[in-house]
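Take a look at this one; I'll ask things after.
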């Protein structure tokens, strides 16, 4: 059995922190797998990953202490199934707006009779023959609450059996609330929506999650009560380090196209 | 014509700073290509690159302001030729100990009558039909001086026509001097050797280079007179950022296997 | 024209035997392509394949005597179209429960006026300019009957024009019948459902198929009347051979994670 | 900001010509990126591309003058989002039959409030931090009108805000009209349908597009009023050149399987 | 047994024509494999191929009528062995200047007692268990005569047992003769050297080969007596077709970087 | 520290058994990594591996109990260094004929002052910061004794410090002795040579190794005194399983090209 220690931690009331992978690069994944972070989230919605690279990245993560998770590109039975078969131990589903959406997530993630996951798994065989016995227990299933409608439906969504928690996407949430995502931090409407989701988690006994984009923000959200908290990304560490260096070296960050702006 | 602005800068007496790529990941390369650094050095000696990934990485770098360079795996006519044909505008050759070694480097890098490079180039066709007319001028050719013997021969090595400069490898140099590379910084024997190479560059009018592993060290070496100075690496930015985050988050960096130690 | 000799065999009343590919490995595919088996089935539902590897695998199979087929990840017009364009000569669609599902399969597989396949094909051009004239004839289209509902609807499903046969998925079928897939063999409810599908095939003149997981089981199912029968897989041959060796060598199969359990 | 000069050209009333990529080959893309053509269209519907190769191909195109565009495999929110996040500056959606279909396209392509595109983008970060401010302006969004139903609905489809124009797919259109695509050229019914789409573009002020398969046809269609015109493909140039050579050399094009027929 | 029909043709006194692959693209290789050309030459010296792509390209070629051959990057026992093990049926070795060089080629290519090839072959197993019995017969081994020294030694080189013929490299030959390769055509010194090699082939009964870069040149060289003649390349067909189209479309081939110049 | 338990076992006088990888397929490697075998040997001499696939395969093996080793393509300082940097814990060098050859192996494998390995390692950083302190101890270095000359020099070769043992290559050995490798089993000359190597190992206190191609042969050789014994391969398990199935199914193994012969 492969224990999902990040899930255990969260169930015990502690925050689990994660880093996201945006760059389709197995060696990057391997380099982060044992840095001490609780989980690593492969982003197949907005990150630059094709399915073949996802497979290679999961192989690269398999030796690490960080629990391998993925954000699926959409709420889709088959895409979720592929990631589970490939060996993720946590799955995040974006753009879940209603209880029906959440039920579809749970169905896709759990074997019958709890859900409708199809029998058969590929790379997940590395976990051993008892995989179907423990995967439903160890798997972390989180839905993204990131629209006004979803905030409205938060309790209905979170109370669906098989859903372990949520992960607030502040960017899409802001857009849905009519706020520019780049100026959402501290916006009262945004914060009120975030609070409501947090409360829905408390009321349903589910794990609250938040996509922070900096370590500081992550710590703040953890104090606020969030338990599934991302705190940085591969591209972030890379570019921030490179830009800090460029500045210290007295060079000018590139004007024009590119990450350097 | 594709101008090698890093080389121009160095020839004008200014330092050019670079980052090295250790992770075989084209998306990492693309993310750094426009960060403002002067050149990017693909490390095919010690970095985790296969030849197919080198090609993809050069494509990823081609839009960037950073001049694409590579360290070849060894002083070898064919390996050097492959990298040139793939489109590098700078080449660093490790473990050059003698004037004969340096001559072999120059021969491999330059078309006849200046050298013995074979006629024909693959991906370098992206530079246009006039490529053979300007490549010898724009290409930066550096040799690694990283042994007691090479230090001894520094002027003989550097005065070889077609060699533009050097790049001191402090790790191998330390080993060659009987110093533990992890304790070489500030060792008097090490610093004396470094000074001798710097002087040989001055005497021969060639560009002095140094493989610094931090921005601070890079700045120090630039002040010392070095002009071709690496100041960081993809793996460094990535792991340092991740570890700093882990620490701030109050997690324990992984004990046991891995980058996290 | 590329003749689908496996389909011819089945239409002539003989069983065609196949191996499935679970490992995304073109060289594995090439090694099996000429072993004497009638067809090879790339499993893109549960196998560890990304789309780029599917393309490479189809290239690897193209020289073989084994007819290249694939199981699509789901009953989806576009995914089916991609596999056809990539050059498969047989397609298996999982989780077909109703006549409407089967009609969607047929529509996706056949060019107008028989279906709604879009005009244009990529790698399938290797089959020559007359491809659109014979592909509908040579292509084998099988649906997976693997739920209680599908068993109920078997004749309605199979009688859809453009569907050539079925492939029973015993794992999902068992789950649907409330049976643990690992204990389904010989279960009376399971066997009765299998018999009903077989009878529906007889009544509609379509080809009955069965996903056997061993050669012995495959032979038994062929005697029972099945014609499209898988009898092993790449991962199966590999791991069984390795484990048999380990045992003979007196080593202990790994306790803990992995295929070895 | 990255200007889409092909779109500007079309908005100024001039034709923009493009080549399509069918072969999943980044080096092919790079070789064409600066040939002088206005745009390059990666075909992920019928071309032989997996998602990982699409990413590599977009990197290969990023230095070129040709605007990088893609045909998505189907009218799907997530697939469209993936291509946008990967950095395309134009997107073509096949099989758009109704105004509702077109609305779904526009929603997938534009950020709120204009559409429903999700916030976050991967490789598109190479375009700089201001990407969300100009992408809706620079992006070219075209729908394929390629069925009798779509011709009927052409004005309703084209007048949807966020749709910039169309690209007639003559193959599927012919099939839909009951014409063999290989004999559609000059068929009166086909030409009448094409004229109706052209008129709908005029009436709605949108850009008319046509998938020509030769340079001659492209020029003819441009004269007819089409502005978004593909005029050749990688596989076409390659195979035509090879076959012309074979003929001149006095060899016999291969009888049997293959492109050579 | 896999017959090398290109070699048979040449031994029968007829010219065999080939195309070279410069672009590391398996799908390009597959598209050309059955165009009717006699052989296809993967260029691992100057072409943009990494070893992993060479393997994939050989798989793509394996179904074609064109005999799969490769130019090795240098005269090296191990690199030659790798290509043979990967399944080539012809090998071209660049920069062979002396009889000793030629002996090394023959040794690397032939199993003992004729040579020193190591026992064991990977992908070449696709040719069947009798591979070691016929490979020495079917393999075509050609050396590149492309220097003044090699022209001088032509008979000594060609008379080495195990060498089947040569392939003149006009670019490097010109450089060696002090001629600009771009102006070598028709240069008297160049033509005289070519004639001497042709004569050496006649005197030793070996096959004369020439790297023509156009079909016209290839036909001329065949008339002159050359039997192993390349007549075009993937990049050539692609770019020539694209540029011709651009011109016909009235566009301007890109000024600045790129293949379009 | 990563302990090389296979080496410990051998040093304790017990045989360690291994499987070789011939197919460049990371998923195959992962499937075997925990089957219970002591070590896995990536064959980069005769196996179908490019360097990029070697890196991916080492990532796939990193979680397994089997110690990851590789056969380098030739006795070459740089190729050996690349594999060490990529993370192998054992290295086998083919075609070592003399004491000088063996010294070059040891020099390439060990850091100064014991050898001349260059300072810096890429993927091997996953082993942690103390890697340079224990790698010389844990690394297994074996030379292939596979020629009459090497048998003659066996004691001189094996007594070189830094060489841990040998691995007899029966195929090349047979060729060198004038025996057809396919009929070498039981040949007296062959067996006598094998005995001499075994004795040289005893005399020098080094580990004797043998490349058996079946489990039975491996057990026999272990009884004979060999300690580093390969007993099967990925391609062997795969093809043997497939052919056995074909036979049981009553099909005919393919006549003509391919593995099935």
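We call the chains A, B, C, D, E and F, going by the order they appear; numbering starts again at 1 in every chain.
Note that contacts are C-beta pairs under 8 Å (C-beta built on N, C-alpha and C of every residue); 3 or more make two chains touch, one makes a residue touch a chain.
Just so we're clear, the structure is a prediction, and the values are computed from it rather than from any experiment.
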Two candidates, C-E and E-F; the one with more touching C-beta pairs is E-F
Can you work out the whole-Å distance between the CA centroids of chain A and chain D? 34
Hey, how far is the Cα centre of chain C from the one of chain F, in Å? 38
In whole angstrom, how far does the Cα centroid of chain B sit from the Cα centroid of chain D? 42
The positions of chain F in contact with two or more other chains are 24, 27, 31, 34, 48, 50-53, 55, 63, 123, 125-126, 235, 256-259
Connecting every touching chain pair, does the picture come out as line, ring, star, complete or other? other
Under the stated contact criterion, what part of chain D meets chain E in this complex? 17, 19, 23-25, 27-28, 31-38, 48, 63-65, 215-216, 218-219, 231-232, 234-246, 248-249, 251-254, 256-260
Which stretch or stretches of chain D touch chain A in the complex? 2, 50-55, 77-78, 81-82, 85-86, 111-113, 118-123, 125-130
Looking at the complex, which residues from chain F come into contact with chain A? 26-27, 30-31, 34, 55-56, 59-60, 62-63, 123, 125-126
Taking the touch rule as given, give the residues of chain F at its contact with chain E in the complex, in rising order. 22, 24, 43, 45-48, 50-53, 73-74, 76, 94-95, 169, 171-172, 174-176, 178, 181, 235, 256-259, 261
